[in-house]
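Below are two complexes that have chain A in common, paired first with chain B and then with chain C.
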Partner chain A sequence: MRLLSAIWSDIKFQAKQGFYLVYLIITIMYLILLSMLPPNVLTIALPLVVFSDPSVLGLFFIGGIILLEKSQGVMMAIVVTPLKTEEYVLSKAISLALVSVFAAITITALSPIDNVNWFLLIISTILTAGLFTLSGIMINAGCNNVNQYMVKTIPYMLLFTLPCFSLLGFEYSYLFTVVPSVAALRLLLGAYHGIVRYEALGLTLYLVVMNYLFFRNSVRIFENKIVYQDQKL
Partner chain B sequence: MINFIHIKNDLKQVFRDPIMSVLLFAPLLIVAVFKLLIIFLFPFIATKFNFDLSLYYQYLMAGILILISGMLGIVIGFMMLDDKDGNIAELMAVTPLGRSGYLVNRLSFSSILCFFYSIIAIYVLNVIDIPFYTILLLSILSGVYSIIIGLLIFSGADDKVKGLTFAKGLNMLGIFAFSDLFALNWFSILSLIFPTYWITRIIESPHSISAFLLGTSIHAIWLIYLIYRYLTKK
Partner chain C sequence: MIEIGNLEFTYQNTQKTAVKDMSFKVKEGEVYGFLGPSGAGKTTTQRLIIGLLRNYTGSIKIFGKERSSWGKEFYEQIGVAFDFPNLYLKLTPEENLKLIGAYYKNGISDIPAMLDRVGLLPDRNTRVESFSKGMKMRLNFIRSIMHNPKLMFFDEPTSGLDPVNAHIIKEIILEQKAAGKTIFLTTHNMTVAEQLCDRVSFIVDGKIVVTGSPANLMIEHGKRRLNINYIKENAEYSEEFDLNQIGENEHFLNIIKNEEIRTIHTCEATLEDIFIKLTGKNLQ
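Moving on, here comes the complex of A and B:
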């Protein structure tokens, strides 16, 4: 119940900050862009657009959200409320994943593309969004302003995105699937191009495990570095 | 003299924070990455997918110039938002520097950097053949565009999260640089009022006086309006 209330207040906050409006505009822009592409290019471009923007939006926004809440003293309030750190982090990840899913579904539904596995699209978008939002919470520790946060995301982004080029295919390139972002992109591509059931299941399970590990780690870092600022005994 | 001292302090502030200095040099990293992509990835795409990207180099160059100026504009926008949070902007307003002096210092910092980075980007990438005076004009317009982005973020956002939302939305202005590719009449007409469209237009017509004049006018109108809005805002 506490978690649901936290998610709802996060959604209201995001709506107030204009997240939904800005993503509506971005979605329209992407639709214009995608409508110009020939069908063979669209089948490649559409998953890449969904992966590179809506799925990753959490990483972009979570830095500002936490910095703002830190400056407003929300962290101090959390310590004295029944809301657990796990619930706070989970609420942020879920609410941002909802924006991702909303944008991914809208872009896909309004694009001229057939045979989309909607279940897989939603699952892969949620799991990808979770990974990036939780990474953002970990990166945020020690940042005092948004510019610092943006710089600190660069190595993580490179670490996540460069291995994705392995999907172009070369010898042993499948080994790169161990990088969570590559596994996420494979699953997302599977939602559009089809994927063997066992591979989809394996990738989903792997991403669930990675999300859980990222979650535990982000909760630990969030408590130590952001809430207690290394002052916990 | 006061301006000079303030710029010196700004530079000190930036270089004292290694992360800020990285951010200011990031455009050079972008140029290096694109140079590598042009050398290695583009020929690979051309052979594997039979898709010749060199036909779109003018759009690529425009995209990179917009990316660099947009990025520096966002950096300066967030620096100013931080100043707003720390009440630095109000403090500056009562110093001899004044409200407009503070604005000039902050924004000239990003636009001068942007000017030089744009020249470097055009020469290093070396994908378009344009005369030097067009390169100069494009670099000046890129500097102005970084100011426009910085001012849009600063005047539009009340806090950091709104600033990020604005930055995300403002990134989309870049799409107007590619509007001619979409073959949509209404979209091309709409693009005329956005500075990004004119960057591509000038690259495509490097000798056209009308493109120069219209492009410069559109940038100037946006700039003057945003400065006026800043100075008249309570």
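Moving on, here comes the complex of A and C:
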């Protein structure tokens, strides 16, 4: 199956480029930092650390991956194969989600914390990784170097992270849950602190829909900016 | 195999019309050369046929169907080698071929045999990042044919190669032709075109100015004359004769019989001469 081949290719590429080594180092650093925190701080810090992994790191990693593929020219080699853009985009999202899930489970399992809803942790990490990887593809498709990517990423990063402060709670703050990153963080917090079943279901459904919309849009942008070269270079 | 009719294409951002009212056919099993200087529209035409550019007017029929109606399955049947190597630098040649090869339904050819054919077998476990441009071009080339496509697009396939490796690539192209494959070759290297192509088209400013077999074009545009270089009484002489009734030219026959001949050449034009004659432009 072509999608599986694409996922395997991405894992191999990411491993050879040293992305997993960076992930490993960051995970170890997180673990060391978390081990120094008192239990009452840890219950808040752990979900935030786990959330930052697929979100902030994921956004930069996908940027790095696509820029590397662009700079090595392999994008041109890929677009003239039978691999569909949908499969290319999906394989990037899945391969990075796998790493994020692995990191989330490792960090949580090695931290002194009880009553974790592992199923919800995995689901929320996958949906968060999806959102951010797909956003990274949308942002990155038109970029040709790291500087451009950084400049374009920061506003999106702020757009995604600032509304997360609404979780501190104030009047009508739940309205911010319409921002997908807030919904994702709410779901992830639920994995650690408990959540009403219907709310978890509603957030999951909402994030699935948002992931789908982000996916369709990533495919469209990727095709317009990378696959088809209707603009004179 | 390929039928292009009144093809026109304009780049959206620059509004530059890169291909103007172009029509030609590529027959199954032939090596078709698309020749012209940089910026003539060769690569644009190739990209239109491959499907990397949209919004053209006119028609591109390929395997009997309009290009815009094909989906990604089209790429199962074609192989493309661009004029620059595009490889995973941190992977070995074998890993590069396997990785891209996994996207094809029908699998790929014997990798060690292919690497051996282009002299890369000893480096099969070396990362591509340490390869020279020539090595990368060879790997790039075999990647484009590893899935046994019916139609191949090669853009400057011998660029950056030394004569020995360029010869190997040309041999493989002729082997593919002998196996019934169709080859669309884009180049500004006239020697490569003369050696490989059954027919060539010259492109200038997005238009085809002439099409024909290299041999016929060279005769048609050459002089019907013969140049002879000989030694007489320790001095070197060069003379030109009309080819018509040359067997009755006493002076020529006398030279052939009595002098020490150094070289004899008919004066057919080279493809480069024809190009310059027809377009007033150089091929670089």
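Descriptive notes on the structure:
Rule of thumb we're sticking to: the second predicted complex is superposed on the first by the 225 of 233 C-alpha atoms of A that agree within 3 Å, B and C clash if a C-alpha of one lies under 4 Å from a C-alpha of the other, contacts with A are read in each partner's own complex, and residues count from 1 in each chain.
The rule is short, and it goes like this: contacts are C-beta pairs under 8 Å (C-beta built on N, C-alpha and C of every residue); 3 or more make two chains touch, one makes a residue touch a chain.
Please read all numbers here as calculations on a predicted model, not as lab measurements.
In the three-chain model built by superposing on chain A, chain B fits alongside chain C with no clash.
In the superposition on chain A, A:Leu167 makes contact with neither chain B nor chain C. Looking at the shared chain after the overlay, A:Leu48 reaches neither chain B nor chain C. In the superposition on chain A, A:Gln148 makes contact with chain B only, not with chain C.
Of the two partner chains, chain C is the only one that A:Pro82 touches; chain B does not reach it. Contact with chain B, but none with chain C, is seen for A:Phe19 once the two complexes are overlaid on the shared chain. With chain A used for the fit, chain A forms the apex of an angle whose arms reach the C-alpha centres of chain B and chain C; rounded to a multiple of 10, it measures 90°. Judged by the touch definition given at the top, the superposed model places A:Val74 against chain C, while chain B stays out of reach. Taken over all C-alpha pairs, chain B and chain C come no nearer than 9 Å in the superposed arrangement. Overlap of the chain B and chain C interfaces on chain A comprises residues 17.
Residues 17, 19-20, 22-23, 26, 44, 48, 51, 75, 78-79, 81-82, 85, 159-166, 168-169, 172, 175, 178, 181-184, 187 of chain B are the ones touching chain A in the complex.
Within the complex, the chain C residues that touch chain A are 11-14, 16, 18, 47, 50, 52-55, 72-73, 75-76, 78, 80, 82, 84-91, 95, 99-100, 102-105, 143. Within the complex formed with chain B, the chain A residues making contact are 17-19, 22, 25-26, 29, 32-33, 36, 41, 57, 60-61, 63-65, 67-68, 71, 145-148, 150-152, 154, 168. Chain A meets chain C in the complex at residues 2, 5-6, 8-9, 12-13, 16-17, 72-84, 227-232.
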